[in-house]
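Letters are used for the chains, namely A, B, C, D, E and F, taken in the order the chains are written, and counting of residues starts over at 1 for each.
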Amino acid sequence: MSTLHTIAKSPTSNLLESCRQLLGQNENLLFIEDGVYYASREDLLATIPGKRKLYALREDILARGIQGKITDRIELVSMHKFVELCCEHKKIINWF
Amino acid sequence: MSTLHTIAKSPTSNLLESCRQLLGQNENLLFIEDGVYYASREDLLATIPGKRKLYALREDILARGIQGKITDRIELVSMHKFVELCCEHKKIINWF
Amino acid sequence: MKKQTFTFISRAAPYGSNRAQLCLDAAFAAAVFEQKVNYLFMGDGVYQLLADQDAEDIETKTLGRALETLDLYGIENVYALEADLKERNLSDKDLLARVEILGNDAAKSLIAKSDRVINL
Amino acid sequence: MKKQTFTFISRAAPYGSNRAQLCLDAAFAAAVFEQKVNYLFMGDGVYQLLADQDAEDIETKTLGRALETLDLYGIENVYALEADLKERNLSDKDLLARVEILGNDAAKSLIAKSDRVINL
Amino acid sequence: MKFTLVIYTAPFSHEASSTALRFAKTLIDEGHEIYRLFFFSDGVHNTSRMAVAAQDEVNIPAQWHDLISRYELDSVACVSSAIKRGILDEKESARHELDATTIHSSSEIGGLGQFIDANINSDRIISFG
Amino acid sequence: MKFTLVIYTAPFSHEASSTALRFAKTLIDEGHEIYRLFFFSDGVHNTSRMAVAAQDEVNIPAQWHDLISRYELDSVACVSSAIKRGILDEKESARHELDATTIHSSSEIGGLGQFIDANINSDRIISFG
């Protein structure tokens, strides 16, 4: 029952860096929209300690054709799972 | 009669870096809107070789209260001078 | 009405977009409805705190003036992120209002204690 | 009608915003009016070139498919910036269309030879 | 669970309103309650009844209207955002001596109080922008 | 010199349309010719006749309308951008069976051909976004 952060812009936005400044222990991340490009950037994700769960919205990944480039740490999720993640986390912080 | 580049977003946008990739010899830069924060960032402007002219729109500087923080390389210009600069340069490339 | 702790994170520079004003309007509304309000300036949002703003020539309301009224609305917990001030070469002498400068860890615990986080 | 050289710089990722589509629409119009058109993908714009795009599930037109028709419109000078591909770990094997990969200096001279630069 | 969705961006220019729409449909699919849709800033354009989409494009405001009508959702366009963007109901249109309304009948114009109320009374708030 | 201004963003959300307006006034002050104003993407909202500004705020669409009318400027809202954003003239409104127009009478709806034409026939093109 911790916090879910969503990130909706590409790495050019530096939103992950901003998010990381406020990211607590055991808080999880979901990449959506242009944010899913982060899921293909192992170099940038390396700054997020491993015990945090990293999710990315499948439909946004497929739209952009990056399904073959996703790093192992990412779990692809459906819109249904997105809703479920919102229920499982008490607080949601949206970065856009 | 070269090219004038305008930059309209704050340094968080990395627009100056993008512009620099395409910045030719003797091309000049004008910072407007949130782009004027660049005029207070000597560290970032250091990447632009000295012979280029760097301008910033005075009304945007005054709005933001950064008139005391502008580096020496910057020439503050009025809207009239902005128009004049557009006449003096054959081509204008707008970064936003 | 239940009383909750709202934390507003204002990350946008003033004037270039309406985001800074939007965040402020929402915080004023939370205060009017007697919620507990924290206001955190982060990223380019710290530029909102600069003294000597005057937006008359760009025909806009001067945002800095509105920030000076935060405490009139009962918003007294106003913070700015230290790292983001430093990155922009700003120190507390440049700032218009009494804001508390926070490190990332202090900001994290502020967020952790909030019920709602509005992040603009 | 005078014939001019237009260079379109497309810097936005597809789908997240309408910028990529906007730039393409403008370039198609220039081609229809028989202007000389260069099309340069830069920054996040290089993401538009990825093969295997399918935007059906987000209920949008698949932009990659439109890019494949560039040459049908007579737009044959299609370029991508090498540094921006590299930063995103992309190589020419990932790309859908025949694009010429340019270094910054080659791109600069492309721009220098253009009459109009539309930069989105 | 009770959800409130806050939408900050206009349709057609950003993916966010389309993501929000799919998220809302999924909430309903799964039996969750939508406490309120709150359209803020450029998001108010999602409530426009004047938007005409191209044939190969989804008319997002029309889809919002269908969803809101069908499930009788509470849908609010922030008044200060709306009127400066030309999103007007009968009352605002009359007050400003204009001759037409532009908001879909399924949404109403309301104040930031409804934004704060939604924050207090929903289990979850998600912002799309 | 002959200038064309291209405006990509909506008023009230971004400074760009306000900068463009001040730039246009300065051009006129200095005796330059404005060949065309071209409103593209969200920029079409600058031509809305339905926008009602707050008392302490400049009504940017109204100011554009005054400037365009007074100096009889050529002002075009891109058709594909406009109709999906609910910016309609009489022809588009009738064609889509709507009951109102939303564009100021001083601007017209036109195609991207007018964007290309402006690029060809102006001495300078400046984009605001």
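The rule is simple: contacts are C-beta pairs under 8 Å (C-beta built on N, C-alpha and C of every residue); 3 or more make two chains touch, one makes a residue touch a chain.
No experiment lies behind these values; they were computed from the predicted model shown.
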Original post:
chain F and chain E are one sequence twice: same or different residues at the contact, by the over-half rule?
Top reply: same
Subject >> Most remote chain, CA-based centroid, reference being chain C >> reply: D
**OP:** For chain D and chain F, let me know how many angstrom lie between their CA-based centres, rounded off.
**Re:** 26
**OP:** Please work out the Cα centroid separation of chain A and chain E, and write it as a whole number of Å.
**Re:** 26
Original post:
Counting in whole Å, what is the centre-to-centre distance of chain D and chain E, each centre being its mean C-alpha position?
Top reply: 34
Original post:
Got the chain E residues that touch at least 2 other chains?
Top reply: 8, 12-13, 15, 19, 22, 41, 57, 80, 125, 127, 129
**OP:** Would you give the residues of chain C that are in contact with at least 2 other chains, written as numbers and ranges?
**Re:** 15-18, 43, 58, 60, 116, 119
Subject >> Shared-contact residues (touching 2 or more other chains) in chain A >> reply: 8, 12, 33-34, 59-60, 94
Original post:
Which residues, counting only chain D, touch chain E once they are in their complex?
Top reply: 15-18, 58-61
**OP:** Could you pull out which chain C residues touch chain A in their complex?
**Re:** 9, 11, 42-43, 81, 83-84, 104, 107-108, 111-112, 114-117, 119
Subject >> Footprint of chain A on chain E - complex, ascending >> reply: 1, 3, 8, 15-16, 19, 22-23, 26-27, 29-30, 32, 124-129
**OP:** Spell out the part of chain A that touches chain E in their complex, as residue ranges.
**Re:** 6, 8, 32-34, 59-60, 79-80, 82-83, 86-87, 92, 94, 96
Original post:
Which residues of chain D touch chain A in their complex?
Top reply: 13-17, 43-44, 47, 50-55, 57-58, 60, 62, 64, 88-89, 94
